[in-house]
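We just call them A, B and C in the order they show up, numbering each chain from 1.
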């Protein structure tokens, strides 16, 4: 079951040059510190260069400069971190899935399932669903009626796709994620909330990844949109009618309120929060736990919050924060004396 | 499959007056900007009034003043946003569910299921469960033993209801939500944690809505309570023995610690956090990401956190926050000179 | 069905001394305020001592000093909160599960399932899984291929265990939790993200508890580790290659970024966030919503954020926070005059 490759095979897969023995075989991938002689490793971050002298790795993915200083077998290419990414799938531990519909799966008669698709144990495919070539749907996952999955989509275990969701080619949705549940729409009148039925959908592009237990709500009117190449980590909230631009990456715990539009190529660190109806410029960086309450028209790096400190010291400063406006006025008065 | 209504039919449903042609037919609902001639639209927020002149909508839901300025077909009523809410369900895209138990569902022999209820694909109904008229349970959902679902409850796909949970009429639980899991109760002794078995339950009232992947824990002793008309968005944490008062609305990502009691008619914005054992007054507004560490005896609007700013500027201010108490003392000294 | 115990039976279970009638029977457990005459109660927090005079409880778990002042039947031991924890399981409302594989469960032929294990309705056990004695797997739960569950593990309803996950004896995983999903690993090159296949695993120790909808990602290379006795609440994010030391307790909504190492016996309050690659000392306390951006080499109590206040007052102070560095410079100037 263990995958085994020669360095020349691997070099072909990532466009690297072999330094040393092209027939050397490796059957695993590990860090410089932990790799054994049968394993491949890599050096991407210069901070780890010191481990190169002592690593027991059978071969190392290196940039050209590091390769000159390394006597062992190596795969040499300009971007060793990219090389590591590209070769990592060779050592996947996931067993994959056989094409076909498992006998325990329940597929509605009106659904169209490509014969190359793999529909797993206890999966549910509702009416009018369309499933393209090489789609993989793992155990316990439900695909709601009238949803469309393009080629090579992979829905992991216990995913929920609600009705009328469109998912582009090669997109991966991780366990427990919920795509297309109702947006949070309510009108207050006569002392209570009246539900606004959410009649829009969700459109997810190609090459997107959605993390575990992340929620993407359907639009109130019109669609919620996740554009090509977006990366969403776990436990993220994407509210109704949000738009996430191409190749934006969002870390765990982020919440984006309704109708906010995040640009392309943004990077949003963990647990940041966005108010609704904002527009965030392409290429913006938002730091962890930042609270974004207004649109950001200009790319840049934005933050909020206080640093952390010992609680005793913090309590004193917090009291002063509460008095900050008054303190500023007192300084003003002193200046005027 | 497309729903189609005349304006007079719709006017009856929401108590509006028809302006123009009562026999005009509409078969969809959309924003003023995007509506086509077969679609209904609405104007609720004055900021969008400028779109009224150019909309292609077949008819528009309007307040009396806007209606006077509008030459096209309209449904006129005092609160057009409420009219939109009330008519939105006419255009639902959800296919609904047929009454009866799907052959793949597993219903324990001791459960009582009303014949008008719809039990979906691979749903699980455990021992002693009671399911009233017109309940709808979607695919993959599990209802734990001895739970009680009142009439017209709708559990979406892959919901988990643990044992001994009570859910009132017309309440809707969205995908992936977990109701009645153990509260986080542990006693520390002899260098380790000892589990406190959570023997209380969860009681959810009528007309409640619970969002995707939200968690409501069962009580340690006595129940966790969600009162009538409460609206909970996605990914919310409701700890053991929390009480949420009637018609309170809570946005995504909020966490409420054990035994805290939130009043009626509160509005809590996204990702706010509440310490345990607090009491929050009826009608309180809490802003996004606010950290509530003490009880709030008086209704009002409460906030915490710093605004966001460019990271470079933020870093300088954060350093000063750390020195804030010292700065205040220095100002005091200057004043005393 | 109701459990009933004499005080002498209960005293044996928790090492208490009976004060009063050892044959007194109790069939429930409740707070001092709510207990009826057939119920046991407890006094652990001195703040509730005033309820002792008026409680209707049939018997009370007490410390030695409180017992001297109490005339009723009691179980007396040094740590009454621990006594409560130890006796709470006697009054569990959960019906338990019968040994054996439910006919609707799908167990791969290559899986090894101990005959004393209980595999619930619609549960899925994939290839190569190993399930030890007295394991309990509830309805709708999926165990991915090659995972190993040690004795007395309990997976609640709709849990997802991905492939190659190891779970130690007596560990409990609550509904909707996802263990072993992919870490968030991507390399940016050529204007897009390249997936880094996550080939590490997850190793969870003994006597661990994992809350509902919590996510623990598998390692990129090497394992994510949750050590013995750890307690994780709901909706927590544990990223790839995080290590959580023994007996650390983490409240709901916390996020821990990749490769961060949390020490033993730490207590982390709700919604705190940790950057990646940090090391946190054993015994550290982190307060709610704190933002931890650097390693903490010394145990202590750490906090961040501002207190909450009325929004109007808050807005004024927030403006001043933005000017804090400038304010500090102005004070400096005044001092130099």
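FYI, a contact is a pair of C-beta atoms (placed from the backbone, for glycine too) under 8 Å apart; a residue touches a chain by one contact, two chains touch by 3 or more.
None of these values were measured; they are calculated from a predicted model.
In the contact between subunit A and subunit B, the residue numbers used by both copies make up under half of all numbers at that interface. In the CA-based superposition of subunit A onto subunit C, the rotation angle is 120 degrees, rounded to steps of 5. Mean C-alpha positions place subunit A and subunit B at a centre distance of 26 Å. With touch defined as above, residues shared between interfaces to two or more other chains in subunit B number as follows: 122, 140, 158, 176, 213, 235, 253, 271, 305-307, 309, 319, 321, 323-324, 327, 331, 334. Subunit A contributes residues 29-31, 34, 79, 81-82, 84-86, 88-89, 91-95, 102, 104, 121-122, 138-140, 156-158, 172, 174-176, 207, 209, 211-213, 229, 231, 233-235, 247, 249, 251-253, 265, 270-271, 288-289, 305-312, 314-315, 318-319, 321-325, 327-328, 331, 334-335 to its touches with subunit C in the complex.
On the subunit B side of its complex with subunit C, the touching residues are 106, 122, 124, 126-127, 140, 142, 144-146, 158, 160, 162-164, 176, 178, 181-182, 184-187, 189, 191-199, 201, 213, 215, 217, 221-222, 235, 237, 239, 253, 255, 257, 271, 273, 275, 285, 287, 290-294, 300-307, 309, 313, 316-317, 319-321, 323-324, 327, 330-331, 334.
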